[in-house]
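Below is one structure; the comments refer to it alone.
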Amino acid sequence: MLYVELFAQGLVQGSIYALIALGLTLVYGLLRILHVAHAAFFTLGGYVGVMVANQTGSLTAAIAAAVIVAGIGGILMFRLCYQPILHQPPFVPLIASIGLYIAAEELFRIIFGPSGLSYKDAFLQGQVVLFGTLRFKQAEIAVMLGSAAIIGVLSLLQTRTRIGVACKATVSDPQMAESFGISLRKVGDINFFVGSALAAFAGVMVSVLNNLVEPTMGSVPSYKGLAIIVLGGLGSVRGSLAAALVLGVVESFGTIYLGHLLDRNAIAFAFLILVLMWRPQGLFARS
Amino acid sequence: MSALLRVGAVTVRFDGVTAIDDVSFDVNQGELLGLIGPNGAGKTTMLRVITGVVRQTAGTVLLDGKSLDGLPTHRRIRRGLALSQQIVTPFRRMSVIDNVALAAGADRTASPLKALFHSGRKRELEIGQQLLARLGIAPQANESPEIQPMGILKRLELARSLALTPRLLLLDEPLAGLNSKEARLLADTITEINRSGTTIILIEHNLGEVLRVCRRLVVLDNGVKIAEGEPTTVMNNAVVRSAYLGTGAAAQTGEQHAAA
Amino acid sequence: MEYEITLVTTMAISVLFALSLNLITGFCGQISLGHAAFLGVGAYTSGMLAKAGVPFLLTLPLAMLLAGALGIVVGLASLRVRADFLAITTMGVGFLFVGVVRQQDALGAEMGISAIPDAGMSKAAFMLFTVALAAATALLSSYVRRCWMGRVFAAIAEDEDTVRVLGIDVPRFKLTAFALGTALAGLGGGLYAQQLKFIAPDSFGFIESITVLSMVVVGGIGSVIGVTVSAAVLSVLPSWFQVIGDYKLLVYGGLLFLMMRFSPGGMAALVTRIFHRGRRPAK
């Protein structure tokens, strides 16, 4: 029974990672940038969510607000921060992104204080029992279902709408956008909007799970997210999703069985390094 | 005539595609051999097999009777090969002459230890000057490659390869991107390099120049060797003609084609 | 006077540390996001050996050896992966180091090790010692840049595939860069441990790796003078302005971003640009 519980917990964590990883993959596929600052939208989502929820009492409004604010923020970051430096060697946007994230985290700390904010009325804290013995918080179910639903909808959009197809094509071949008659800038806007919105949704859900938003909540997702997309094969959407879930489960089991040797992050990165040594191109890289 | 390079039954397969199928040919000491064929014939892949960038699925490559199998690229270069690539890759953060001097310093760069204990460049700069002069680009010695036209860059690529004092020079479409006058001049330079003792394999789409300067041709089409021999004989070969005309690629003399 | 001595010592150690990263990232173009791990290896090696009775000066070469050896292992790993992956892999190494050390009671776990024995030098003498080592590192870096190894490094940083085609054993040169850079970081670690007499795993984490990277980047990747100056200034900035102390990370983050956005070549590039504008007629 323990195994099943660990596995389920791993899936919950993996779903959160997946939401974050998707945005990172979209950006990497388009611009070949490791968008470390992505996690800033995760945190931003959390803060906006808490503030709106505390004002209006509605979780739905909180999610909507978080998603929109982050989406717009993403577009701004693309236009103001990344577009001007795209032609530079790859370490430039990487380090710029790291700088952005560090500054963002500090801004959250300075503006909102280091101890964080909580929900006045805790949402979705009730217990749900599945299959007789598995206990989940409602929020955990919401995360898993929510991610699956969102990713499902996005997949449909990617295959059914023209813009969607263009976005999907650009993940593997950035020049593709032009041949669809869609400017790179527009695809960039869409990718950043969607990616940041997803991160914000994840941020709201995590803040509901823990009933806490604090400035450093994005730091683990920021670099783990990168580990995940690298694991998945950089630029492969399917790979990132799979890697996200796999990592969630690996961490879940790893902390129980290897916790005396390595802490949680070390386990995640040890796994990453081992996989890369075995398959340097990632788990699901396109040839 | 002794064979400097011997390609024996080389086959290259990846992703289900057979890029090269059982191709064999020799390159004799002192030759200027033309390796031609329509787009996608496998010519560049063949060069990559020789330099070790691509590993062959089957077959052998012998240089001076010794197999090159398993050797990494840099070791093959040290055995006497040099490669001038189709897409020129000068180091943009150094001057033209610095590019050549780096190559000329093969002795100094043989190992990190050697490289650490030597800092003088007088000899290499002199060699660089000579080579640049030989290739007619001495005036550009201290300029940056970033501002040079293609013609100069092609000559720089050639000078850099020559600085390695190769026994076998592999040229991948050195004339691509040049107008007919520049192409003719560079082809003449290549001939002169060959006459002074360097064996050359020349891949080129510019058939006019190839037929003019090469004494022997090997023709590939779809990964298979379809002809070998003297230029006029080869070009009169019906199979060769249909390979070129059949793909729609013009076999007109002097025409340029976009690089594959 | 004591306060100034501590300040200068801190500056010297930071300069040494930053120059060691400059060798890897600046000269050879390999982005390392986990360099603090090697500072940590050096610090723990020197500290533990000192506590076991080994004379301080002897612990230093041993610290360098261990850090350099681990650097070669990481370097070997770096050879297998593409550039984009390398940054993340080195980041992973950093987390691995902290994660392992935190769980080992023998290494003091989260609390770290304290009461590292004194080297027997006065504070002033130790300061001079560290400054001398930092200066030596700067001289070594300059020399490397000028010699053939530096030329190969510069070419590798630009286009390593073409370097292979010139008959150069690129993997071996990259490994050399890693070994040198990490060994020097280990030296810095030993000095660091001696200065503070107390070390903990969290001092060698991701933030520290980013901090030292930012010193290299702000100074100008590859520029020995630029990195030296920026490391010296940035390392003590928080102490000089108490206000900045609290906003230290904000300044770092902002600086990194603004530098990359407006002058990716760092201060060195800015200075060069100013000088070229000064002498209008080009040579």
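Labels A, B and C are assigned to the chains in the order they are written; within every chain, residues are numbered from 1.
By definition in this document, a contact is a pair of C-beta atoms (placed from the backbone, for glycine too) under 8 Å apart; a residue touches a chain by one contact, two chains touch by 3 or more.
Since the structure is predicted, the reported quantities are computational estimates derived from the model, not experimental observations.
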Inset, instruction - Based on C-beta pairs in contact, work out which chain pair has the most and send it over. - result: A-C
Legend entry - Chain centroid nearest the full-protein CA centroid: C
Inset, instruction - Please compute the C-alpha centroid of chain A, do the same for chain C, then give the distance between them in whole Å. - result: 31
Inset, instruction - Measure off the straight-line distance from the CA centroid of chain B to the CA centroid of chain C, and report it in whole Å. - result: 42
Inset, instruction - For chain A and chain B, let me know how many angstrom lie between their CA-based centres, rounded off. - result: 48
Inset, instruction - Could you pull out which chain C residues touch chain A in their complex? - result: 25, 31, 77, 80-85, 87-89, 91-93, 95-96, 98-100, 102-103, 206, 210, 213-214, 217, 221, 247, 249-250, 252-261, 264
Legend entry - Of chain A, residues touching chain C in the complex: 32, 34, 81, 84-85, 88-96, 98-107, 110, 223, 226-227, 230, 234, 259-270, 272-273, 276-277, 280-282
Inset, instruction - Report the residues of chain B in contact with chain C in the complex, numbered from low to high. - result: 51, 72-74, 77-78, 83, 85, 89, 91-94, 102-103, 105-106, 108-109, 111-112, 114-119, 160, 164
Legend entry - chain B-facing residues of chain C, complex: 143-144, 146-149, 151-152, 154-155, 158-159, 161-162, 164-170, 172-173, 176
